[in-house]
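Each of the two complexes below includes chain A, the first together with chain B, the second together with chain C.
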Partner chain A sequence: MSSGTSYRYQDRDTVVHRLNPFAKLAWVAAVMLLAVIFDHPLYLIMLFLSTLPVIALARAWREWASLMRFMLWMSLAIVLINALVIYQGSHVLLEFTFEIPTLGQPKITLEAIAFGLGMALRLVTIVSAFVALNFTVHPDDMMQAMLKLRLPYKSVLATSMSLRFFPALVDDRERISDVQRTRGMELDRGGLLQRARNGGAVLVPLLSNSLDRAVQIAEAMEARAFGAYKRRTAFSEITLSGWDRLLAVAGLLPLPVGIYLRCLGYGKYRYYPSLQRLDPGMAGWLALAVLAALLLAILPLAWFRKRWQLD
Partner chain B sequence: MGRKYYFIILIILLGLGIYIAPFISLKGSILDPNTGFLSWGLITTAFVCLSVLGFYLEFERAATGAKEIALVAMLGTISALSRLPFASLMNFQPCTFFIICAGYVFGPMAGFMTASLTALVSNMFLGQGPWTAYQIFTWGLVGITAGWLRGLRLTGRREIIVLAVFGFIWGWLYGVIINLWFWAFFVQPLTWVTYLLTLLNAVIWDGSHAVANVLFVSVFGSRVIRTLERFQKRFYWKNAGMITGAAATVRSIGSG
Partner chain C sequence: MISIENLSFYYADEKRPALNGIDLEIGDGEFVLVTGASGSGKSSLARCLNGLIPHFYGGRLGGRVTVDGLDVSLHAPKEMATRVGMVFQDPENQLVTADVEREIAFGMENLALPRQEIAKRLEEALDTVGIAALRKRQLHTLSGGEKQKVAIASVLALKPEVLVLDEPTSELDPQGAEEVLATVQRLNDELGMTVVLVEHRLERVVHLVDRLIVLSAGRVIADGRPGQVLERQYDRLCRAGVGIPPLIRLVHGLQERGVPVTGAPLTVKEGRRLLERVYTGIGGFPAVGDARGGAGDPVIETENLWYAYKHPYAALKGIDLSIGRGEFVAVMGRNAAGKTTLVKHFIGLLKPSRGRVRVNGLDIVKTTVAELARHVGYVFQDPNDHLFAETVEEEVATTLRGLGFSDVHRRVGEVLEQFDLTPYARQYPRFLSGGQKQRVALATVLAARPQVLILDEPTRGMDQQLKDYLMRFLCEYRDGGNTVIIVTHDVEMVAEYAQRVILLGEGKIVVDGDRRQVLSRALLFSPQINRVFQGFARLGVPQEILTPEEALQLLRH
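Up next is the complex of A and B:
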């Protein structure tokens, strides 16, 4: 399979991988929402930095870096759009002589660039937190967690089936390609249109094949009396022990604390008309430290649980 | 018109409402996107997630048995699989084409579920994020509206031409909707001008998306649609299905 597969979930025996999916979901939700609530660059930097130990412990640097390369491009777009459109701000770096209707005379200000950078930081933080979730939870566990959260059953089942049959379809595609090659079709040569046509010679058999498979799956499910009873049984369930509950609460805890701090006025930042001082003051630093400690608290807890096999 | 359609129309109106709201002057209110307390990105995301959940609930009702679930699971998997080799090609991918075909042949809900699975499953490889919800929402709308085209009873060349035009329009519309998350989260102030600039930033992506849709529909459209229709007949064939079903089960037990 092409490069895509390498970024799949890979099971590693790390503290982060062994953490209960609910705890990770809670933690990522907390980081993401905090990144949206806070404007202050120092808070955003702290949130971003707090995701890094998790990535490091999960040994997911490769996946992280590949997504970050793409995010760099998007960050650039954020800075550019903000710099080009916002003419507020008192430190003008560049002023154009022409005028744009409704907008006025365009100028690029330091404040607009700083705002763009702040927003880029927000994006990078959110994506970084998602990496921690996406590459450390087994897709099946994720589906189980979704069921526990009472999401619509049939949709979750369809998703989990799709994930389950993905590798089978990859194999099918390889096999069909090989068959077409033995029949003399040159799949990797020719112009764009020729290649597209050849792609169809793989796609259509693959489609029929998998729809055949769908018929078989449906029949197998019906043979096992799918939908006959309201109460379903599952082959494996994620258990939620007392410790897991504690960890999930610990993961989510920074969120209410953060909202409370934000309501008290911490973590706000004024970009316009001129940049506010970055130093948040003694109390600000303290709030920042508390939040950072709460965010990172999940790691020693998780380590403790794994080390002593607590359940 | 059944209840189903009222529900779908309601959700589309809801989506459009959120979309239009930032452009109406809300100065001074708590909802003012530029100075209000609430983050507009968060509100939009919440609404998009709710709409998507609504669609899922609708599928829960519409899918009566194992067949529908297995069918959309396979359609979604193929669509997700076909996205991966194209991942680096600026939104030049066959997924939208596939979602259109699925919705067109199997109806709005199958179209939506194919779309949802495309986004969810392919993002397992390409990276999940806040955009996943928006992708499900937007691709979902592609699938649902494609289902409506069935009512036109198109045949032959006209079918392909209509689907190609439909794909071309959705290629652009997709960008118009999907860029909303980027704009609402990371750009300020939220005005027409900043929004248009955000779209302008993505114009190559959306253009190549539209061209890809036209290309895939015109090259593979009729073959894929015929294949899907053949299976549709097979899927909803009464009685005989049970006999082959028993045979398949015996076979699968024997081989497994």
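Up next is the complex of A and C:
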């Protein structure tokens, strides 16, 4: 992750930011789960594309781009590993002459590469949806939403605090990297062993600083009566108006529809032994269009909600 | 009321007590300052007042501490929270939520107060501390001083009777520190709140408090009105490693020379009143001059240096300067003035957006950090960021190998000897004491024998002993023909040791010159002694006086 990008939540006060957290939670959950249940690359591409207008409206491009740069490397690794390890598929692009025990004679097939690409696309879609959620919901609102969903307080607090201190961790890492660079370590050069050693030079101070921080925070919480009573009160609670409920339902709606379509047999895709045709057929395109329309419906609704609020 | 009877405390696995036989009574409404060198037990004492010791830290506690009749060894911190409010050192690491209102509400939520009560107390707390304007802000957008005020407000909302602050200003710049202390003073003055303040920089706070308690090795070695303690127990405090404010040092020096002055002035006003008579009617003062020679050949040169972290907001705007061999330079200025940004260019950690930086004639754009590190050493503020190796020896050797030296073994031996670290050569560096860690961090940097040494806020959080040690070392190092560049807020230290001051503001050089020109007759950046003598202009006293030693020399003839 490149320097200069702050991973802190910023209230940019856009339509997406003002949307209530439940609606966003529902929508992002729908996208993520749909990305898991559908195999067809066209469906995955559609899901990925549907996250882009949300990110654009939320003006979260910087954070998105910086995470996507990282995801590009991840994707490359997924495709590479899949191609090198899976030898199924009928279109052999490259065949080696030696044999690896238990795996057999290595060969690289078109199908294995395509399958890797499909998996990478799925992962990228999930991360992209996560960006739409994480950089547009105030961390404390996220916590309140989790609590409202009846998740246990302590786990919710721990999660929300680890997210809150993540930016501090990024700052720490940058500072410690600077220290070690002035001691002659070139952190992104050298062989694997050297890199591992240099990584340790950043990791050890980073971890032990984090432990110190954890103790200090625990101490400060204790001093402010944390855990004094079994039930604590909540100063701010998320109130849901009728509209907000409707938005949350609208956000989740693509999920049951998607599941229904999947049960009907849409959105399946076969990679092995040879790639299936991409064209899903007339009915398949129609199902795809319906899902896309449902996913994007949240945006005009959110827009309407915003104007409605301003009146 | 706080009452402490024969209190002793051992941290788990420690053989030496952190606190040893302490007896104290602190009355309602008192403003008490607890001070002492690092490791004297002052923070431990603070943690006994709300039960963090022994409930959070474990260890063995002897004797009795009661606050408002409650024995802390029987009541956990979460029960004590409504009686004792505690504010910690690091503003970053005591805030739990992400914005101001929720942060203040956090403690009240824990107490399960009804929502209306929370809303009411929230308003009160915001107004009492004077941060109502910040209520909707995100915590990470606040300055250090503002964060500390939020921490204070969040504690006040629990309506404690006692406020305990453990070095609340040591991570702040002078302006932030002043704001926080003014807030605390108001709480004591106007609300009658009992305040226990732990602090090692006396000159900042001593004039605010009713009572000064000095700890050394876990024992109370002095307790009384601040003026009296400083006057009567001067030598004892010095031996305990307490940093004495410059004005008190001057008065003590005068007394030693037989000048009849009595009293311990705590403020500039009191200082002027007391010293005016001493410096009246003498006349013919010797001129104040520096014996130090001029600078040698330039080692660091910048030419129209611009830098922006994020286009188009420039952090440095056209810096032109030249620093010579053998100079001792202090880079000063408000937070975010561009101090650290500037010096990071001197070792290539940042590369100019525009303009040029040369170190020993090398253009930093064409040179790697590792190559520059053979010429320039950079000591970061927190020694913990430096340390990762298994042993002290290995820690130093890593730098040398990284920078491509061949005679690693000999150099390690030499530098460990130089910093008195030979006995610790095989120990795990992170388990050493604060002062020892600081020395290891210095050793890792100086093993390469750089000709330029840059230190970023080196004295922040250091006690007097460690500060003296570091300064002695830096002067020796400079006298060996090397260059020292310090980024700092510590005016008194600069007055005493630096020779040239570069004052930055908004990314530009505001003043660059001899420390006397820059530090005298300035408002915020004048040392205490100078501010006293600014009032004596009509007596013919030179206005360039910066330190107690110089003020004493005026009387020598």
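Rule of thumb we're sticking to: the second predicted complex is superposed on the first by the 224 of 311 C-alpha atoms of A that agree within 3 Å, B and C clash if a C-alpha of one lies under 4 Å from a C-alpha of the other, contacts with A are read in each partner's own complex, and residues count from 1 in each chain.
Everything that follows uses one rule, which is that a contact is a pair of C-beta atoms (placed from the backbone, for glycine too) under 8 Å apart; a residue touches a chain by one contact, two chains touch by 3 or more.
Quantities reported herein were computed from a predicted structural model and do not represent experimental measurements.
Enquirer: By the touch definition at the top of the document, which applies to A:78: first (chain B), second (chain C), both, or neither?
Expert: first
Enquirer: Name the contact category of A:162: first (chain B only), second (chain C only), both, or neither.
Expert: It touches chain B, and chain C stays clear.
Enquirer: Which chain makes contact with more of the residues of chain A, chain B or else chain C?
Expert: Between chain B and chain C, B touches the greater number of residues in chain A.
Enquirer: May I ask you to decide whether A:140 touches chain B, chain C, both, or neither, giving the answer as first, second, both or neither?
Expert: second
Enquirer: Which partner does A:200 reach: the first (chain B), the second (chain C), both, or neither?
Expert: both
Enquirer: State whether A:210 touches chain B only (first), chain C only (second), both chains, or neither.
Expert: First partner only.
Enquirer: By the touch definition at the top of the document, which applies to A:151: first (chain B), second (chain C), both, or neither?
Expert: first
Enquirer: By the touch definition at the top of the document, which applies to A:29: first (chain B), second (chain C), both, or neither?
Expert: neither
Enquirer: Once the structures are superposed on A, label A:297 by its partner contacts, choosing first (chain B), second (chain C), both or neither.
Expert: In the superposition, A:297 touches no partner, neither chain B nor chain C.
Enquirer: Once the structures are superposed on A, label A:226 by its partner contacts, choosing first (chain B), second (chain C), both or neither.
Expert: both
Enquirer: By the touch definition above, which chain A residues appear in both interfaces, chain B in one complex and chain C in the other?
Expert: Chain A residues touching both partners: 4, 8-9, 139, 161, 200, 203-204, 208, 213, 216-223, 226-227.
Enquirer: So in the complex, the part of chain A that touches chain C is made up of which residues?
Expert: Touch residues, chain A against chain C: 4, 8-11, 138-140, 161, 164, 167-168, 175-176, 178-186, 200-205, 208-209, 212-213, 216-229, 231-236.
Enquirer: Could you please specify the touching residues of chain C with respect to chain A in the complex?
Expert: Its residues touching chain A are 50, 52, 55-56, 76-79, 81-82, 85-86, 88, 90, 92-99, 101-102, 105-115, 118-119, 122, 138, 140, 154-155, 158, 309-310, 344, 347, 349, 368-370, 373, 377-378, 380, 384-388, 398-399, 401-404, 430, 444-445.
Enquirer: Flag every residue of chain B that touches chain A in the complex, lowest number first.
Expert: Result: residues 39, 41-42, 53, 56-57, 59-60, 63, 65-78, 80-82, 84-85, 87, 94, 113, 116-117, 120-121, 123-130, 182, 185-189, 193-194, 197-198, 201, 215, 219-220, 223-224, 227-228, 231, 234-235, 241, 244-246, 248-249, 252 of chain B touch chain A.
Enquirer: For the complex, which residues does chain A have touching chain B?
Expert: Residues 1-2, 4-5, 7-9, 32-33, 36-37, 67, 70, 74, 77-78, 80-82, 84-86, 102-103, 115, 119-120, 122-123, 126-127, 130-131, 133-134, 139, 151-155, 157-159, 161-163, 165-166, 169-170, 173, 193, 196-197, 200, 203-204, 206-208, 210-211, 213-223, 226-227.
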